[in-house]
Each structure stands twice: as structure tokens, then as C-alpha cells.
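Take a look at the structures below.
In the two assemblies presented below, chain A is common to both, partnered first by chain B and then by chain C.
On to the complex of A and B.
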């Protein structure tokens, strides 16, 4: 059960990364590699702040803001200096590697003894549920686990709603339009460059928030924690799209979150089954493949068999078994 | 509304199925009232062995642990049910592994490397499963609540061995061999905590004897050759091969470049000396693993973890290389003193044969649980202050 709680919590934390990738890659069509650096930047800034006794909420905010600044710098490299978007991201990610080392002062900062959002939430819920934790369907779950999961659900829900509202505002719609057709926005007198910079700032702010929460959740920040993250962010976005099969904004946002959670659950199952550790990544890849292919397969089959009847959706289940 | 739900049903259904599958596979960790302390005698003990990544050193440590357990009468598949985990350096996977080993009903967790220790210690704060760690440079700097002054100042369920990488010993030996050394070059990756520890030690020692450390940083293996060239062309008397996982894969090219300029190299991995290094002093990680495995067996037999001190254990080994020495541009400057020759565990003669001297003073492994400092450089290790 704790394994399930852990997978859900990490999945939801990393869904912030998928949301960030969704904004840069799907809405703007920019494969923004800055993410690998900003996830660590969010973690390192928050870690250093927490170590200096700054309020964890402020520390998380500062981490997010640092990520947004890094993202806007990528945007400026791309728009002002006309550097290819992919290369701008690579440059920024490379630079952030040194920045992160500078910020942290070493390559690994332990946070377990400091006050973080995680330790605050745990403390409060421990008083509420007692030291021993609760029994859930026969599994013992600690108060901390419950607190962390609820906290993460609330944060992701708030962020998701805020994003949804934002992309319904004037600025948000202009930004989506920029991603769809920059020529048209320019012809209408919109500021394409500004929209791209804001978009990348937003994307990397989300990613840095994910990194900041991840560091507080796992109890340490590490310079290498961001390496390769962008790939799983992309994977989650695409799994989400395959599962929802829709391209409306709300569905895309929810899809990114679902994709991230599904991915982490699959990893947890692979681990629980005790597969050979060397095969783990291969199994994960196969799982992701199935998650991508099966929903579309069943949708097609359903449509062919009964065009009007609403078929039960649990048909997608062979993935897990 | 219904349409929205139908669109989401595939995703939510998949999440639901995954959750059910996960819970079903997790059924055996359920606690039935009154059964918490139940354990039938003679049952296999369940041990989780976690390493952060696949690297020669870690693999040697893990092999040592398994050998140590077997030596003490715990064979996998017989008295022991051993499960190995390796998140391959992936931070999220490491967290998932940490959850799995703390919740999976194991009797003991053994972790290799610092990140594994941290992730598991964080996940283990509630369950408090006995946890033994090894191959950690500075246990007190990992932030898991280990005191740097009191060996018993650790969480009552957590103990292990610290093995500081012997960079300082390596520089001491260099100075012993050739006190006229003024500039030493090295290449390392700043994001490697273990390299950082080595370089900090090296800098401190170099400062105290007036050696200038010429450093270059790399962040991937591809850049090592270039960085080595840059350091060598800045003029150095010797080159330190940092025990750095980014640099080590490119060791052949580093050695080749140094050899072409007739500059001696030294390392903290004695096993690498035969590749063309002048001398190496370092820990025997297999031996560290064996020691850890023995301690693990004591814990499995019921020894209280709270009473086991966190200690440094560094079975040092010195290997010298006369073949390399004879090919240096100024071989006479790099003569090994007789005292060192007597101390060395092995010397590679000019023809490239390794002559072992098992009775060397340095490097005898210490008996279980008692003396933990087996290196010949006792004062060096003992006086090192920890950050």
C-alpha cells in the first residue's frame, strides 16, 4: 500500500514536469531541453533556502521562480539571438549544470534534518492520525504518506486549474495561437517573441516546481537528479494523449497528469514483481509501449463493432496483467 | 460531461487496473491483527541489497557482501532470500526502490553507495527496518542523522561502514617518493560527490606541503582526453587519476597522453596499476563488502543495530609499478624508497610481472567489527576533519 502511495505521490509530483513539457512541446512545438537543468535548479534553490531556515513555502516559490527565469532566458536566446530552439535549450541546460553546482555548493544536499513542506505536512498529520498511522484495507499506512499524497494532490489540482484558467485568458489564448500559427499572430499584431518567452518561463517554472517538490519529498537534492527527466516528461505527455485520445486543452492537461501517474505505477509494479534489476528499463519500455498502443487498438475495435453503443472502457486493462 | 468522462475512462481505468495489480502483488505485506511479531523459526531471512548504479567498484562491493554473508553461513536460496535492486542511477526509480525495500517485509536492508543510503534512510523513517550501509565516503555528511564525533550517534536501526577514498594517502605516497614535486595535474567531474571528497582532501594536503594542484573539470567521458591534454600542457610533474566514474572509463587515453610526455600517473585504484600507472593506493572494495556481509550476518543473528558503531573501514592496498617507472623521462627522480617497497602489497617488475608480497605492513584486512583502520597511513585518516 505504501508502495502505491509512493508511486502516486511521485507520479503526481512529476506530472508537473509533464505539464511543463506539455506547454513547451505540445502548445509551442519547442522541444525544450532546459527541463533537465530546471528540475535540478528548482530542487537546489529550494534545498539551499530550506537549509537557511527560510519558510518552505517561500523556498518552493523561489525555486519555481528560478526555473521561470531560466526558462525565459532560453526564450530570449531563441527569440532575440535567433538561436535554434533546440540549441537554446541545450545551451541553457549546460549552463544550468554549473549554476546548480554553484547554488548547492556541493553535488548533493541532504534535507532530512531541515524544515520542508514534506516535514511540515507530516508533522501536522501525525498529530491528527497518531504516530502509528492508519490501517487501510489491512495495510498499515503512516500518517506521513497520507499527508504527502493529499498535499501533492491538492498542489497538482491547484496548478492544473490555474493553468486551465490561464490558457482561457487573453494572454493564454494568444500564446496557444502563437504555438499553432506564429505567422498569423504576427499578422494580427501579436508579439510572438514575448509569447514564446512567457511560454517557456511558464513551462520551466512548472518543471522547477516539480523539482522543488521532488527534492522535499525524497529528502535530498542532487546535481544529477534531472538527467534524462525530459524524456520521461515527453513520454508521460504522449501516454496521456494516447489514453484520452483528445486534443482539447482540458483533456491534454488531465492526460499529462494521468500519463505521469500511469508511468510511475507501471514502474512500481515492475519493481514489486521482483524482476531482474538489469531488465527493469526494458520492461518499463515494454509497459509504456503497451500503454501507448492498446488504448487506440481497443478504441478502433470498439468503433468497428458497435458504432453507437457506449462500450465499457475497462477494456484497456490487459496492459497491467 | 458524459463525453468528458468517456474520454477519460481509458486513462482512469488504466490507473485503476494498475493500482489493483499493485495492491494484489503487495498482499503479503498486509498486517493481520496480532500477527505482527510472528516469525516461524528456521524461516528464510529476507534481505534486500540495493546498489545505486552499475559500476566496477559497486559491483565488487556487492560481490563482497554476498561472499561475506555466505562465509558466515547465509547462502542465498538456502538460509537467505536475497533480492538485489539497482535503480541504475535514476533518482525516481531509487525512491521507488527505497519504498519497496522498506515496505516489502525485509528483515534487513543493505545499501551500497551514498544516494542509496539517503533514499532508503528517508523512506525508512516510519518502518525502521534494520539498515546496513557500505561504500559511503563520509557517513556523517549524508544528512541521515549520523554523528561525526560519536560512533554510536546514529538512528537505532541504521549502521554501516564509511570508506573514505584515500586521495590523501595517494598524495602522501607521491610526496614520499618524490618530495621535489611542485605541480600535480588532475581531471574530475564536479557533480560526483566522491570525486569532490577526494579533491578536497587532495587540495588540503597539497596546500600543506606546497604542491600546486592543476585541475580541469569534465562532465562527460568524451571530454576527458581534451581536459587531460589541457592539464598536461600547463606543465605538471605528475598526474593524479581521480577515482571518478566519469574519468575512469577513459583511463586508457589519460594514461596514453601522460606516457607520451613521460609524466607519471598515480591512482586510488591499485587494481588499475597494471594498465600503466606508477603506483596506486586504495581500498579493496571486495574486502569492504565481505566485512559488511559479516556484520549483516551478525544483525540477522539478532545483534542489536543500535549497539553497532558507525566506523571507517579502509583495507588499503599499495601496488607499485617498476615497469612504468623505467619508462619515465626522469626515472631516477621517481625511485621508490625501500621503506615503501617493503610496505607495498605488490610490485610490478620491469618485465611487467606482478610480484605480490602478502606480508606487507599496510593492507591487512582487520578482523570483524574491531579495528577498522587498516591503512598504513593511520594518522592521515584519523586527523582528517569532516565537513
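On to the complex of A and C.
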């Protein structure tokens, strides 16, 4: 049960990462590897703030803001200096590694004895439910774990709602259109470059928030914690799309969250069965590879079996109404 | 309304693929005029459109729109004054967004886009009202992604979007060339209806001699990056298809 609660909480926290990847990769088509740096940046900024006795809410906000700044710098490298999007992300990720070490002053910061969102939540609920915890479906669960899970659910729900509302505003719609058809956005007076910068800031802000919460949840920030995270996010987004199978905005957001939780649960189960944690990133990478390649492979195979199947609609050929 | 003065544009200068797309083009368009631009491939029609829309900054010359010098304005800034429909029916709409969301985008052409809710009831009603005028039954499908519609439907919607806020200048860039003849005729009809109703100053590029002779109140023929012939409405009515072909041959013979 503890395992389940842990996996659920971490999965939900990392769903902020998959929401961020959804924005950068699915909306803009940019595999923004800045994510690897910003998740740690969110964690390190929040950790240092908490150590200095800054209110945990403010600390979390600062971590998120730092991520947004890093994301907008990636966007500026890409749009203003015309550096390839992937390379812009790699540059920022590399630079952030040093920045994170500077911020933390060491490669690992323990947070156990400081006041964080996690310790605040746990404390409050322990007072409410009593020290020994509660019975849930016949299982004994500590009050702290329940508190953390509920807190994370609330935060993710709020962020999800805010994102949904944002993408139905004039600015949000212009951002989706920017990834869809930049030429059209320009013709309608939208500033494509600015939209990409804002989009990457939003994406990395979400990811840094995820990093910030993760550090507070697990009780430490580590300079290595971001490595390979972009692939985690991608895997979650892909699982989410497979599960919801829908392209409406709401379902895409929900899919990213569910995908992240499911992925985390799968990983927890695999580790429980004796998977070597060192192999985890290799397996994740192979999984993402298959998820990227297989759909196209099956589509081609199906088309070969049914040669009269209609061609994809998106082609610049004469089309009737 | 639009004043182009001695526009020059050379692509890839100093390389084997050097193209002199515009060479000293002058064009003045009066407010409310509906001008047809006709020309062979490579005569500079598209470059002319792109120079007006701001897709590139010309090497030399001046672009003045509504008494404002806009030569160095970026494309998105000019878009506040210019409505544009592209040749490719898929260029003018965002496929993943619904019809309504696409119109929400168009409703802010040239204006700031903030965080306020974009899909208000008033917008929905207004879009339904105007889309009904197309007689394509699209008013019932305002929430479907626009990418699921046909090219003709998308081009018709692009036209409505480009003129949603009355533009000072409407650019139609061979906007029926990629459509089948029946759909093309339908789009032309919608275009003329929009242009007449709002008295839009319009520049329409076309390959089609028929369109060039039937539509508009002025016809300019481009050749080698400049205006070779310029016919007023009166002069235009006397022209035939063979006249136009003969003029093209003449222009080519002068090279």
C-alpha cells in the first residue's frame, strides 16, 4: 500500500513534467531537452529557499519562476538567434547543470529538517487523523502519506484547470495555432517567435514546479535528478494518448496526467519484481522508441493490406468541397 | 490606398540560382479598387504579394499602405491592416483547432491577445450567423476540428476569417488554383460577395484568363518583376483571351 501511495504521488507530481512535455513537444513539436535541467532547477531553487526559511509556497513559486525563465531563454536562443530547437535545449540543459550546482552549493541537499510543503501538509494531517494513521480498504496507511497524496491531487487538478482555461483564451489559442500553422498565425497578426518563447516558458515552468514538488516530497534535491526526464515525460504523454485516444484539449491534458501515473505504477511494479534500477532508463528509451515507430509501421502495413484505403487528408492537392 | 514605389528584390544574389524577382515595380491602388494581377510563372506575382504582406523586406523601394510607410514592418504587424488568403487551402487555418477557435484567432487580427476567454457566446453566435451565409451547413459543426473539412470548405472559411475584421487591403494569392473547377467557382462567388459588401480594396493574383477578364475593375499584367500592362475597367471590357495571350507573347519577344 505504501508502494502504491508512493507511486501515485510521484506519478502525479511527475504529471506536471508530462504536461510540460505535452506543451513543448505535442503543441510546438519541439523536443525540449531543457526539461532535464529545469526539473533540477525547480528542485534546487526551492530547496535552497526552504533552507533559508523562506515560506514553502514562495519557495515553490520561485522554483517554478526559475524554470520559466530558463525555458524562455531556450525559446530566445531558438527564435532570436535561429539556433536549432534541439540544440538550444541542449545548450540550456548543459548550462543549467552548472547553474544548479551553483544554486545548491553541493551536488545533494537534504531537506528533511526544514519546513517544506510536504512537512507542512504531513504535520497538519497528523494532527487531524492521529499519529497511527488510517485504515483504507483494510490497509493501514500513515496519515502523512494520505496528506501528501491529497495535496498533490489538489495541486495537479488546479494546474490542469488553469492550463485548460489558458488554452481557451486568446493567447492560448494563438499558441496552439503557432505549433499547428505558423504561417497562418503570422497572417493573422500573431507574433510566432514570441508565442514560442511564452510556450517554452510555460512548459519549463510546469516542469520546474514538478521538480520543486518532487524535491519536497522525497526530502532532497540532487543535481542528477533531471537526467533522462524528458524521455519520462514523453513516455507518459504517449501512454496517455494511447489510453484516452482523443485529441480534444481536455482529454489531452487528462491523458498526460493519467499517462504519468500509469507509467510510474508500471515502473514501481517492475522494480518490485526485481528489475535492476540501473536498466530503467534503457528500458524507457526503448519503450519511447517503439511508441514512436510502431504506429507508423502498423499504419503502413494496414495500407499495404488494403490498397484502396483513402490517403491521409492533409495534402496540397485539388480538393472539392 | 496602396502605393508601391520602385520595388527591387533579388533572391540568392551572386549565386548561380540568382533570381531577380522584382525589378523596379511601381503600383498604385486606389481605395476600394479590385485589382487583378495576371502573369506567367516566375513573373513575380507571388513575390509581389509577399512584399506587400511583409514575408520579406525588399532590397530597395517603398511600401505605403493607407498613408503609412510600412516597408520595414514585420509581417505580423502589417497583418492588422491586411487580410490574406493563400493558394494552399490548408495554409489559412489551424487544423487541430475547431472552426470556432479559428475564428477566435481571426477576431483578434492585429490586436493584442490576452488571457480573457476567447470562445464567448457572442462570438459563437456571430460566427454561426456568418458561416450560415456560406450555405455549407458548417454552422452546425463549429466545434469540429477544421482539419477534418475539405479544402474548399477551409478556403471559404479562410476568406471569412481574413475579412472578419475589415482589412484595409485584401490579398488573394491564387486562392482558387488548388481547387476543382466547381469549388473554385463557389469560392470566387463568395470572394466577390465579400468584396462588394464591405467595399474591400483587393489585390487578387490569378493564373486564370477567365477570372482575369470577368472579375475586378482593373487588370495588371506582370512580366519580369514589373508591371508590363495596366488596363482600367473600360479598357478591360474590350479584351479577349486571345488579346491577353498575344500580349504575353509580345512581352516575351521584347526580352
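Everything that follows uses one rule, which is that the second predicted complex is superposed on the first by the 271 of 321 C-alpha atoms of A that agree within 3 Å, B and C clash if a C-alpha of one lies under 4 Å from a C-alpha of the other, contacts with A are read in each partner's own complex, and residues count from 1 in each chain.
Heads up, the rule we're going with is that contacts are C-beta pairs under 8 Å (C-beta built on N, C-alpha and C of every residue); 3 or more make two chains touch, one makes a residue touch a chain.
None of these values were measured; they are calculated from a predicted model.
Asker: Just checking: does A:82 make contact with chain B only, chain C only, both, or neither of them? Give me first, second, both or neither.
Answerer: neither
Asker: Give one of first, second, both or neither to describe whether A:304 is in contact with chain B, with chain C, with both, or with none.
Answerer: So A:304 meets neither chain B nor chain C here.
Asker: If you stack the two complexes on chain A, which partner ends up touching A:111: first (chain B), second (chain C), both, or neither?
Answerer: Once the two structures are laid over each other on A, A:111 reaches chain B alone.
Asker: Looking at the overlay, does A:52 come into contact with chain B only (first), chain C only (second), both, or neither?
Answerer: A:52: touches no partner chain.
Asker: Please tell me which partner, chain B or chain C, touches more residues of chain A.
Answerer: The partner with more contacted residues on chain A is B.
Asker: Just to be sure I follow: which residues of chain A are touched by chain B in one complex and then by chain C in the other one?
Answerer: In chain A, residues 313-314, 316-317, 319-321 are touched by chain B and also by chain C.
Asker: Taking the complex as given, what residues does chain C use to touch chain A?
Answerer: Touching chain A: residues 53, 75-77, 79-80, 84, 86, 88-97, 101-102, 104-106, 108-111, 113-119, 136, 145, 147-148, 150-153, 156, 161-162, 178-180, 182-183, 186 of chain C.
Asker: Applying the document's contact rule, which stretches of chain A touch chain B when the two form their complex?
Answerer: Contacts found on chain A: 1-4, 6-7, 10, 14, 97, 101, 106-113, 133, 135, 137-140, 142, 144-145, 214, 217-220, 222-225, 228, 232, 240, 243-246, 250-251, 254-255, 258-259, 261-262, 264-269, 271-274, 277-278, 280-281, 291, 295, 298-299, 310, 313-314, 316-317, 319-321.
Asker: Quick check: in the complex, which residue numbers of chain A touch chain C?
Answerer: It is residues 165-166, 168-174, 176-177, 180-181, 183-192, 247, 313-314, 316-321 of chain A that touch chain C.
Asker: Residue numbers of chain B touching chain A in their complex, please.
Answerer: Residues in contact with chain A: 4, 6-23, 25-26, 29-32, 54, 83-93, 95-97, 99-100, 102-104, 114-115, 118-119, 121-123, 125-126, 141-145, 190-193, 196, 219.
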